[in-house]
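You will see chain A twice below: alongside chain B first, and alongside chain C after that.
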Partner chain A sequence: MFSDTTTVWVLWPEIALAALAVWIYVGNALFRPKPNTQTRLGWTTFAAAAVAFAGFALYWHQGGAVWRQSLVLEGHGPLAIDYFAYAMRTVALLAGFLLVLQASRAGENELVSEYLGTLLLAIVGVMLTASANELIFLFLGLEMLSIPTYVLLFLGRRDGATAEATIKYFFLSVASSAMLLYGFGFLYGMAGSTSLTEIRAALETSSAADGGLMTMAPLALILVFAGLGFRIAAAPFHFYAPDVYQGATHANASLLSILPKIAGVVVFVRLVGVTMPALGDFAWQLAIVLSILTMTIGNVSALWQTNLRRLMAYSSIAHSGYMLIGLAVALAASPAEAATGGLSSVILYLFVYVFATLGAFAAFTYLGAKDREVNRIDELAGVAKTRPVAAAIIAVCMFSLSGIPPLAGFWGKLALFGNAIRLATNTESATLQWWFIVLAVVGVLNAAVAAAYYLRIVGVMYFRTADTALPSQGGWGAWSAAAAAAAMVLAVGVLPGRLFDNAQRAELAVKGIALPEGLSQADAPTSLAK
Partner chain B sequence: MVPLVAQITVSHYLVVGAVLFVTGAVCMATKRNILGVLMGVELVLNGANVNFIAFGSPFLREHHLGLDGQLIAVFVIVLAAAEAAVALAIALNFYNNHTTIDVDRAEDLKG
Partner chain C sequence: MATAFLPVFLFVLAGLATSLGMLSMGWAFGPARKGRVKEMPYESGMDPIHDARRRFDVRFHLVAIAFVLFDVELLFLYPWAVANRHPEGIDAAVAKAGALNVDYSRMLVFGEVMVFLAILALGFVYVWRKGVFQWR
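And now, the complex of A and B:
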């Protein structure tokens, strides 16, 4: 067992990325005694190349194998190497690549190597979380993400607001990690094992003979929801987000709204959606109540924000609420039914959300300068005249976030609401029907409310004249990151089929269901593992 | 049974863990000094640790070494050390900007 190198082989994109991150730390100290703009450019290129390298490594070594579900680790190892893990690691790398580009000119030259190295480590954290099939691994993956995030937050800027945001985020994040850990303790206690596969089996075969151990299941569920709710900024653990985003730079705010969200959703899917559906009505009712609360609070509070990052924070909260709809569907559907679509719609929505948000933030970064950021919505006035491409990128991202048809966000919302309605119409139970119809109606109403503040930003850009021109010194990196994200949003909006297929495949994989005939070999990438 | 040798069960450890967890949570919520809050963090994490070790006990399940629970505790201790290091850097940064480590004095961000 101890000489088994399979895990090392499987995780080698992460290992390589971590090693390159350490090299960035060490290398900067070795080579340049006085860092300048050229060093910054060099290290940004190096970091981007490192992420791209990890991406290709992942694709060539495991892409084909996970696609056919032929790479299965024996026993209940700590790693889950399925298509879901692979897809989420890919999303983390894609988003990470754009985040590195976006940071090409943000922050100070002296700290560039620290910033980039830490950013790479945070990406590794998300990737490890995605491949974890075990409580210890899962928890360490999440911490591998949050500790670099604290460092990144205070590397962004050195003023009082940033210091306050960092300390707020740090203590709330640690408190949520502790709650999650406490919840993991009860899960471990019930199952006697840290493997998620065995925990699921234990929950499904729970009986009175366990001496009351299973009565801890709802408590564990609540603690897990509390811990993960913080990561994805879901109510009632959302209150930190507006303050922290406001105090952070645009680059850091985009990181905060993306990386913890990916990690949190991944754990929600694997730990709650797949491992704990045996908990019965309580689980999906909790998910529905939190979903309705989260999206309503997010959307209504966003309406009267004037600060751009506070608005994006509330938007990020609202989108977590939408994603919880899919989780509720997955929890409420009977386990016998193979693919309920609940989890695949969450995965789809996550993808769509990540790139639309990233595009918007990268464009904001581009429009500002290091010492003069775009803080208020009013400052965007007239951008359509002075910077038409950046304005178009922001507009595309805003339309997608509000879910207007030809763009990616529409398909995400369609999948989520559609699955809630389908569950309500297919079920016999009157309670389920009632709850899910209400959920879908509230979701649609919220989407309508959300359009108001997204369109307000577009309106300010296109229909008002500028008082002063924006510096637009965020650098080509931020510009290309914004353009790439917007292009992705457009492409997914026009051709959503492939993403739908991938999300469905990921849901089947994470549930451990064999692929149906039609899906099995089609379009397999040519690369072979080993 | 003599009170001094009465059996201590797993649930007693769970109570200790819960008390530690709640004490830590209260400490985090009420302390105004950053270092005080940090001590609350340690209590909370160790409350969870006590739980893991108690649940790993061979007395709870037979034929079970329970090493998983103890391993988690070791990982969490290492993690808490890493977190404390970052926390001290953050506290120093906070002090540089506010000349105090009283968290209530930070009120730039509101709305």
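And now, the complex of A and C:
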């Protein structure tokens, strides 16, 4: 495995984005401008332009090639250059663009370049994780995400609550990284290679033969679940989320509920869903148990929250539980080589979740001010009168998160529950039928419970009157980020076909299945195809 | 067998002799002043046992960060320098990559190290412009 010239060539959008992030740090230090609103606006524009540039570069350079699956890089270093990696890099850049806009007034003026540069580096971390096909590269990508996250949490606000939240997140994140590394160590010990393709081959040949070293595989799976469960806030590794979200600013809480979630789900799909289905029954049973636990704990605890960010933290936990349904389907479906819809429903749900959450948080950021954030749900009373557009954006995002039909969240939940039920009805095995019917029923019940607290927020905004108006000084950036995310949620809700196609293509790509007739087009030679 | 472990034995002896020698020379020749501050376990001008939230001089922190900057540089450059001329180093890796028909060369390795040095240099510029090296 060599990181050869092709690796550098493929990763150039990431490299360019990291270089621009470094320039934000150094450029601001070199010129030492007066820390005022003007310089802040300048650097925010620069950072947003950098993310947009990386996005266009990625699209122009690799979009066509990965779409046609004409870009095959067998044996070319630690990268997986497929449509799944491309789609996840694009989602990271889209979400990153909105996160930069949202932070246009968050934090302090004199630290704006540090905040923006670190944010760009965190986005690069997610993108690297998405294209990794090798354990070391994967781990480095995840660390490139977590280390900037610690700094960003600290830069949000200067008080005891923020410091406490950051320290909590830091220590637990370090511990989870250690567990993940331990799991990687077992995988390497069993397969003798850090390449995910070779690990998958080793697991498959050995499960056919007798156990030996491979009896360690369930242990590796448990450790990987522990490490990644922290990233996506899945039970029983979810307990940090409410405290950390509450201590962070709205901008940072949205970052925490989006970037680690994308990275964690990406690694779950590639490392567990694609590499380890040979583990058999144990893998999907673990996924089902964690899924049921996570969504139930998240939704039930969210019911009696009064703090807005705490509620959103439990909501983020619950959505991780839903996404694990798709993973369980992918692990239980046979044959493992076929595209069974499990992974594509996870990808679809991730997209839907990311933009609905981002829209809600950006709107909360907009409604607050730097020194007075919207903390309690009651503070949203009467927003529908004073700030009708912001209230409408929040309402759209809340309806989508609870899965009400004309919006994106409905299609996400439909895909997940539908796949679980389809698996149960298509299989011969009574155990599988029973487990997946139970899973789907628990999922639907949870969705009904979740509607209670999402609709409570909408109810407070529309049916209660305010004593005092909210400051609404989050800036145009936060407003436009919220509006763009809500528009995306609406568009996907009305026209979900395109997203379903993309998610299916990503699943085919990540499983290494050739495109069926009709989907593939003539293979045009590209700059990267060897 | 006996000669195989002789270097290890000598290493242990030399280690013991060095540490004991330092301690005894300090005990024999060092000035022995007594006092409350001098007898603290960690003599740095700070009370070592206090609330974790207490503020301490930010200069300690800045020195630590600047140290990490150069420490990491050394940590990475040293293996590169060794691998550069070692028979099983970069040349062997390039030959192996060539056999696999992978685009990998000495120039790429050199370029990667130069990029690393450039990033460190930029970090140096950053801490310099932020005024870390002014001992205020």
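As a convention for this text, the second predicted complex is superposed on the first by the 507 of 530 C-alpha atoms of A that agree within 3 Å, B and C clash if a C-alpha of one lies under 4 Å from a C-alpha of the other, contacts with A are read in each partner's own complex, and residues count from 1 in each chain.
By our rule, contacts are C-beta pairs under 8 Å (C-beta built on N, C-alpha and C of every residue); 3 or more make two chains touch, one makes a residue touch a chain.
These numbers come from a predicted model, not from an experiment.
With both structures placed on the common chain, the touch criterion links A:Leu30 to chain C but leaves chain B unconnected. In the overlay built on the shared chain, the residue A:Thr465 is in contact with neither chain B nor chain C. After overlaying the two complexes on the shared chain, residue contacts for A:Phe186 are found with chain B alone; chain C is out of touch.
By the touch criterion defined above, A:Val22 reaches chain C but does not reach chain B. Which of chain B and chain C touches more residues of chain A: that partner is B. Contact with chain C, but none with chain B, is seen for A:Thr6 once the two complexes are overlaid on the shared chain.
Common to the chain B and chain C contact sets on chain A are residues 160, 163.
Put simply, chain C touches chain A in their complex at residues 53, 93, 97, 100, 102-105, 108, 119, 122, 125-126, 129-130. Interface of chain A with chain B (complex): residues 135-136, 139-140, 143, 147, 150-151, 154, 158-161, 163-168, 170-171, 174-175, 178, 181-182, 184-186, 188-189, 192-194, 242-244, 246-247, 305, 307, 310.
If you check the complex, the residues on chain B that touch chain A are 17, 21, 24-25, 28, 34, 37, 41, 44-45, 47-48, 51-52, 54-56, 60-61, 64, 68-69, 71-72, 75-76, 79, 82-83, 86-87, 89-91, 93-94, 96-98, 103, 106-111. Taken together, the chain A residues at the contact with chain C in this complex read 2, 4-6, 8, 22, 25-26, 29-30, 32, 75-77, 160, 163.
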